[in-house]
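Look at the two complexes coming up: chain A is in both, with chain B in one and chain C in the other.
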Partner chain A sequence: METRSIWSLRLTTFMIALIPVAVAVNYVGKAIAAALKLPLWLDSIGTVLAAMLGGPVVGALSGAINNIFYGLTADPVSFWYAITSIFIGLAAGYFAYTGWVQSTGRAIALGLVVALVSAVVSTPINVILWQGTTGNAWGDALFTALRIHEVPVWLASFLDEFVVDLPDKVITVFVAYLVFRGLPQRLVAQAGARRVQGGR
Partner chain B sequence: MGVFQYSARSTPLHRMHPIVKLAYLFLTLAVVIFPYRATVSDLAAAGFWALASLALWAVARVGLRPLGVLMRVLAWTFAFIIVSQALLYEGGHVIFSLGRLAFFGSDIGTVTDQGLFWGVVLSLRILAAALALPLFVVTTSPAEIMGALGQLRVPAKVSFMFVSALSFTGLVFKLWQEILDAQRLRGFDMDAMNAWQRARRAYVPVVTPLILLLFRKGNDFQIAMDARGYAYPGRKTPLVALRFGAQEVAGLAAALALFCAFLALKMAWV
Partner chain C sequence: MRAPSLYVPGRSFVHRADPLTKAAWAFSTALAGFIVPDWRATAALLVLNLTLLGLAGALRRTARLILASAVLVATFFVAQGLSHPSNAEPLFRVFGLTFYREGLLVAWVLALRLWNTIAAIGVLVFTVRPQDLVTALLMRGLSPRAGYALVSIIQVLPTLSASVATILDAQRSRGVETEGGLRVRLRALLPMLAPLIMSALAAAQDRAVALEVRGFSRPGPRTILRPVRDMAGAAFWRAVGLGVLVAAVLWRALGG
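Then we have the complex of A and B:
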């Protein structure tokens, strides 16, 4: 069987077909978060799932296409966060391929890593575009409190983002992990059977 | 949450080369990424771009319904931005006071004119983007998007994924409704539940089959691609031949003129 690098840009038809599915799953997550008025986004479940199945390149592509697509069709603010989604896909894909989706505990740890990556990448975007706020009521309340106490805008903005990203990404990765475990073995094997048997 | 989809019409905007529309889209991104301040010039500049995009909506004749959906989504964002800025902005004259509202040792109970003004500027900035960005998808067919991205040397696989994502998201609505109908026949009526019941037990019986069905559709999609020889390594030809003529040059010039007008407005007053 041919060995394929996880950073390979050569996309199979399976991977090409996976990305629209990932975008649609992201859409479902976002719609449910909006319907339940949750203080979370849940719009990366498909991206993380695609990364778990197809690796970091597929995850990054899925994240980028997802946010450009959202930006053009549903939520213009999403457009600028394509960079964040690319990094979420890269991080989730890399760690998934190195064995971080073998157990529930590891999947939650992966959620923490993805939350950190997401907050670090989103902070400059928030500072440049929205003076540091995220548009999330809970995070922005913390931001205001920190700014009142003269905490630097970059740190306040990072904490504003992280306080939302932490539950959001842990739940996102955990849901993606549950779906991943529930997918038919044939489908997972088609993506790359090595992961299921213990990673690289 | 609404999704904008292609609406087939024969208007100047629909006939325009997609690259011109993409140029307008990137100019919009530049408009939004510019640093803004609480000044009349910035308010006028953001308002100008929003009005220009609104005029393009009228030219595109895609109806008011998608615009209404967009406004409903954005209304909450605008309300949040304006209220939070009005209360939290430091500086300006006090318009009225809600009494002392302690927040981590500070009083945030006063609404200032500058805060209110800054909230409106930020909202207009988002509105300028929100009105301009969907125009591309609403007035450009998937085949034209593929053709235009190909001319821009975007890899065929990437543009194909983008166009496929467009059709898959439309599919989510269809599948969602079919699952709801099927569950209703089994006596599981989600519409009859209150918000708490929905949150607690309504989504799992709907979302689980939805995700599985999406993967099945993805599998069918892959088989269809393989059956049609998608993986064949030869050069792919576009379905629609796009030409860049005088109308496109005029369109590009008009977009650049709008951008220059935006810049002039932004620098007109302090």
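Then we have the complex of A and C:
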């Protein structure tokens, strides 16, 4: 198989078929988090996994289509946050393809990076749309406390988002990594991803 | 489980308007609600959108979505009421915390914008089947591959959701603890998700083969099985929608 640039826009049919699965996994991850009463969203496991398998372009497309679909079928506010999902897919895909899913330690580091990217991209959206709050009770309590102490709105809003994103995205990426590691080699190769052999 | 959907069947004139006209209206008025410098204009847009939703018979759905946003709205009032920098005039005290008039007003504006977003986009999503919206976009040049990715979610999701309960039961019967402390529940995550994802990916492989033998990646134009036609005067109504947005921007730039 010829080697492709990771930014290649020529998607195979399997990559296209991967996108709806990523969106469905996002939905189901959220449902399972709720069923297990976990204080997390876990609504981007599919996007991260698609990015690990198909690279940044497939990750970004999965993220965008996820929020468009979610906006059309469940929560209209979700459209505004498509940008965050796109960047989560881009970041996860880029770093996965440059070798960040080869060990548990690196997967956790990738989780930190994704959490940071997610918070950095969401902060301007939260500030522009809602003057900084996120709708998460814990994060917003922190935001309010910081604002009373005259911390600038951008920093307070970033921390509001980051305290929630940090555990959420680290666990999201870690779960996606564990699944990715357990996938059959044939499937990984078909998606065009590289995976170090014998990682188990 | 059926695919999630917000579509409310009906034959009102809002339903009969074509998807792209409604999309233009929905996104223009949602954005305009944020841009106009006076909250009464946002309120007027909200009332206008609610009227359209009332004509479409979708008010109950809208009310449910607006209620679902209650937590977000509550955080506006608490966060801004306590800590907005313009706060000067104390209004009341609860649990030793002082709420200020200015911050609560800011929160009110934010709440109106949120509700207007829900109502505006509701005009689109409550009255258009997602399939029809994608068809309309395909006719305007959306790539058939992107169109497929969007529409096939409607088929993939119910299958996957249906297996959630099955796998939950199966793993419990094998001794996976799904209740207890946070660590226990976190550890249950992987045995739940891994089999689901594996089978979904295997199905995606099969689907890719099935698509390929049907000429999915063949170049060239595609025909549409059930075309979506533009409503009469579509161009005019789209211009009205965009006009609202342009007016909001001009008002903000010149007057606000």
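Quick note on the criterion: the second predicted complex is superposed on the first by the 186 of 200 C-alpha atoms of A that agree within 3 Å, B and C clash if a C-alpha of one lies under 4 Å from a C-alpha of the other, contacts with A are read in each partner's own complex, and residues count from 1 in each chain.
Heads up, the rule we're going with is that a residue touches a chain if its C-beta (ideal position, glycine included) is under 8 Å from a C-beta of that chain, and two chains touch if they have at least 3 such contacts.
What you see is a predicted model; the values in this text were computed from it and never measured.
Upon superposition of the two complexes on chain A, a steric clash is found between chain B and chain C.
Legend: residue contacts after superposition of the two complexes on their common chain; A:A34 is shown touching chain B, with no touch to chain C. Once chain A of one complex is fitted onto chain A of the other, the partner contacts of A:V25 extend to both chain B and chain C. Within the superposed three-chain model, A:G135 lies in touch with chain B and with chain C [touch as defined at top]. Of the two partners, chain B and chain C, it is C that touches more residues of chain A. Contact with both chain B and chain C is seen for A:A74 once the two complexes are overlaid on the shared chain. Judged by the touch definition given at the top, the superposed model places A:T144 against both chain B and chain C.
Looking at the shared chain after the overlay, A:L11 reaches both chain B and chain C. With the contact threshold set out at the top, residues 11-14, 16-21, 23-25, 27-28, 31-32, 35-36, 61, 65, 68-69, 71-77, 79-80, 128-130, 133, 135, 137, 140, 144, 148, 179, 183, 187 of chain A are in contact with chain B in one structure and with chain C in the other.
Those residues of chain A that touch chain C in the shared complex are 11-14, 16-21, 23-25, 27-29, 31-33, 35-39, 42, 45-46, 49, 61, 65, 68-69, 71-77, 79-80, 128-137, 140, 143-144, 147-148, 150, 153, 171, 175, 178-179, 182-183, 187, 190. By the touch criterion stated above, chain A contacts chain B in their complex at residues 11-14, 16-21, 23-25, 27-28, 30-32, 34-36, 61, 65-66, 68-69, 71-77, 79-80, 128-130, 133, 135, 137, 140, 144-145, 148-149, 179, 183, 187. Note for the complex: chain C touches chain A at residues 3-6, 30, 34, 65, 68-69, 71-72, 75-76, 78-80, 82-85, 106, 110, 113-114, 117-118, 120-122, 124-125, 130, 133, 145-146, 148-150, 152-153, 155-157, 160-161, 164, 168, 178, 182, 185-186, 188-190, 192-194, 196-198, 200-205, 207-208, 211-212, 216-217. For chain B in complex with chain A, the touching residues are 1-5, 25, 29, 32-33, 73, 77, 80-81, 84, 88, 103-106, 108, 122, 126, 129-130, 133-134, 136-137, 157-158, 160-162, 164-169, 171-172, 195, 198-199, 203, 207, 210-211, 214-215, 217-219, 221-222, 225-226, 230-231.
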